[in-house]
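Structures for review follow.
Common to both upcoming complexes is chain A, partnered first by chain B, then by chain C.
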Partner chain A sequence: MRQLQKQLRQEAEDAFADGHVEVFIGYQEGFERARPVPVFVRDRESVQEMVLNEFSGVSLSKYLLREAERAQEDASIGIVARGCDGLGIERLLYDQCISREQLYIVGVGCPGVVDPEKAAQLCGEIPVAAEVEKQQVVLQTSSEELTVAKEEVLRDKCLKCDDPTPRIYDALLGEEIQRGPVRQNRFDGVEQLEAVSDDERYEFWVRQFDRCLRCFACRNVCPACSCVTCSLEEEEPQWLKRSTSSSEQFMFHFTRAYHVAGRCVSCGACEEVCPVGVPLMLLNEKLLKDVGELFEEPSPHLPSETEPLGEFSYDDPEGWRGEAGQS
Partner chain B sequence: MSVDWKPKIVGFACRWCAYAGADLAGTSRMKYPPSIRLVRIPCSCRVDPSFVVRAFQRGADGVLVAGCHPGDCHYTTGNYLTRRRFSLAKRFIQYMGIEPERFRVEWVSAAEGGRFAGLVEEMTEDIRKLGPNRKMRERL
Partner chain C sequence: MKMAAAGSLLPLMEALSESNDLWAPIVEDGQVVFGRWKGESLPDNYRVTDNSPKELLLPQTESLMRFEGVYDQLDIKEEPIEGPKVAFGVRPCDAAALDLIAEVLGSDDYPDERFGQRKDSTTVVTLACDEAGEHCFCRAVGGSPASDRGSDIMIYPTDEGYLLRAVTGAGQDILRQCESALDPAEGGDVESAAADCEDIEMPLAEEISPDGVTEDWHRVFESPIWEQLAGRCRSCGICGYVCPTCYCFALFDDLRGNSGVRFRGWDSCQFEDYLLMAGDHNPRPTETERTRQRFMHKLHYFVSRWGEYGCVGCGRCADKCPVGIHMLAAIKELEEVV
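Moving on, here comes the complex of A and B:
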């Protein structure tokens, strides 16, 4: 990774030197070494602030929207992208929020990103460095070195990753990596939840949604959520009240998830940014699973030309049949 | 459960087929439970799935979305979109914990007065067995 960071800075510097990027979106050091934060580099001198390491993995793709609005007409925007951000960028491209010509994508073949919380659990303190190796992860704290399994310490989104290398890029750091670091079955969690009774499932969601602060971070980070006026903030009619009663939480979470049904690229960003750990991917994955089952659309991901909910076929099934309550 | 509780069903019916079917049931004096409140809509695809959530919030015990049979939509393709959306939405609403009997999607033609009456009867009976809905409900 150290090598890749050097390469990244070089790529960014060259891009500024050629004068074809106006801003470069990447990571910089945060308060703690294990929590790098986004940075918007606007000149060649600041390139040295950029970092790329085992912890720099929060989603960046949605910032492109904002930067595209600010950018001069034909200036391009640089961005460093792991596989998941590659998916987010594809989503924004297919939704015509940004144009490909405008982007300078520096892809990373991603071995997986370390979750600082999980690492702290394992080490008893936040590690200062980490190395993702072929089979395991080595964590470095102020006093010791710890070797752990990938499943234990990589971010949740990495455990289900199918595309560690972005499918589109202008430059690539490191090698193309084809397989995700672990690849757990994407729908395990959904299937477990489907198996319990309706009442238990309802209680489960009440408990989850009750924590929600309605900060909208999940929506703001989502590359599939790009409407200019969001229905959740509309006043007339007011679809969502400001109240965080259980009832309104259902309206919120139903709408957030359903509005990206068929368009979610399962980048995992929403769940990752949630400050209170609402399992948002359990909602998204249910829809992904059903889109795949019912309409045989490529699912998950592939924001290709198909729009599962914007098209139909004459012999689509009636997905409401077959279960109790309706034959 | 109070003794005099009766199921309340909100029905969204497209004006061209399903609403006309309900009308036919009425004008032919067919008997069916007075549990359904019909909302007339231009086409089944006018129903945003969040209408269903809203109905449950505001006290419905059941929700019915009814439109023309596939191929018969007045706007040609509206109900094919309805079919996709509600195939997902029905499963999703159940995934959030609402019993499947409380929410149905059906095709009813303008000639199917009897079928409409039968549907309402069946749904009312199913919901009666489940009792009043409290899920997603706004506190009064």
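Moving on, here comes the complex of A and C:
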């Protein structure tokens, strides 16, 4: 990764030197080394602040919305993208929130990102460095080196990732990591929940949603949630009441999940930011699984021109206004 | 002074739950949350709960009154307040935070009756800390891992077991209720037990100090740091909602025809619409002003009004902010400019 960081800085510097990039979205050192934070580099000199390491994995794609709004018309926005952010960027492109010409994407073939909490559990302290290898991860603390299995220490979302390398980029750091077949375990959690009785499942969700603080972090980080005004914040009519009764919590979570049904790129950012551990990806994956099965889509999370729920066709077998096959 | 019988807090919790509505840290789907007790021991090695116990005194949302009718035929029914509670296993920082909120919501000028009633009817049983968590810094903001501020009963973990001390009369009453779960504390030394907790290692509290920031607040206010910090803010409400000292709320009416319910619910200064006024004027239009407000409030405005920091150093903002905008980061960055 050290090598990749050097390359990234070079790419960013060249982009500024060419003069067509106005801002470059990446990572910088945070309060702790194992928790890098997003940075918006606006000049060539500041490029050296950028880091790229085994911990820098906070989702960046959604920032493009704001930066695109602020950017000069002909200026480009640079962004470093792992596979998940690559899909997030595609989402914004297909939703016509940004244009491809506006972007300078530096892709990363991503071996997975280390979860600092998991690492701290294993090491007894937050490690200062890590190296993600093929099957294992080497963690470096202030006093020792620890080799652990990937499953133990990578972020949950990385363990289910099918898309390590972005599908679109202008430059790629490191090797392209081939996307494998869709993981067999991908829908394990959904299937387990499908197997229990309706009442048990209902109780499960009541318990999860009961913890929800309505901080809206899940929505704010989601690259598929790009509405200028979210319907859940409208005052007239007020679709979502501020009460946190079960019915209103269901209203919030189902509205959020259905609004991204068939559009969720499975980046896992929503679940990752949730401060109280609501398993939001279970909802998203349930809808992805259904879309996959009902519309015979092998990879329903990949954005495309013809998304089952994103396209209207006069030949739709279910017709228009309820009359099969009629326009 | 008493010891918890058999070196365990479980019998005490059981005894307390017999005639009280007991709330405590519980494990729910792998999360440690402060919730209604369900019969389990306290979670192993928890530091602070994901949510703060402020929820007990200032619920996330609550209905204030129900109303029906129009103008002079308006029938208003105030929503009753739930009965007394015992909050068990609260951490010293969180207990102190309840006291801080009470400065504001319990002030003589504008007392918040519902908050006040709940505060009076909630018994706080605090468990002193024998280890600091990753982001603990209470000592840097005037707190202590052994502080009894805001508590009715203190529990000090010692090698021999848990030593209990009633801080208030209400605490004494509660302890009397559960004699069966207590042993006399023979030879137990509460002073040294408290001192042990007081002295635990807390590296971050040595590392950072907000004093300079507070003193030099004019410079801090104008600092370019805010724009840098706020650049990555996602405008979500995590920091304020997990913070034990944030107390802002807003009022909402849920109307159906001529009847309705008036609610209040937490609000956050990090939301864009928090200060949005009629005519679309927003005094804090961007993340920069909103981020600055959050830290200035805790490090300066609160200090000048109430004489102490509006932060208790629990570290939840550092645990939970997905992009690292938290009290520790802010103080560290600002220390460099003052």
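A few notes on this one:
Keep this in mind: the second predicted complex is superposed on the first by the 300 of 327 C-alpha atoms of A that agree within 3 Å, B and C clash if a C-alpha of one lies under 4 Å from a C-alpha of the other, contacts with A are read in each partner's own complex, and residues count from 1 in each chain.
Basically, a contact is a pair of C-beta atoms (placed from the backbone, for glycine too) under 8 Å apart; a residue touches a chain by one contact, two chains touch by 3 or more.
Everything quoted here is computed from the prediction, not taken from an experiment.
When the two complexes are overlaid on their common chain A, residue A:A120 makes contact with chain C while staying clear of chain B. Of the two partner chains placed by superposition, only chain C is touched by A:R35; chain B is not. In the superposed model, A:R207 lies in contact with chain C only, and not with chain B.
In the superposed model, A:A261 makes contact with chain B only, not with chain C. Interface residues of chain C, counted against chain A in their complex, comprise 28-31, 33, 50-51, 60-61, 63, 134, 231-232, 234-238, 241-242, 250, 252, 254, 261, 263, 265-266, 268, 273, 318, 320, 322-326, 328-329, 332. Chain A makes touch with chain B in their complex at residues 193-194, 198-199, 201-205, 239, 245-248, 250-251, 253-255, 257-258, 261-262, 286-287, 290-291, 294-295, 308-309, 312, 314, 316-320, 323-326. Per the touch definition, chain B reaches chain A in the complex via residues 49-50, 53-54, 57, 70, 77, 80-81, 83-105, 126, 135-139. Residue ranges of chain A in contact with chain C, taken from their complex: 30-31, 35, 37-40, 58, 62-63, 120, 126, 207-208, 211, 213-217, 220-221, 233, 238, 241-244, 272-273, 275-277, 279.
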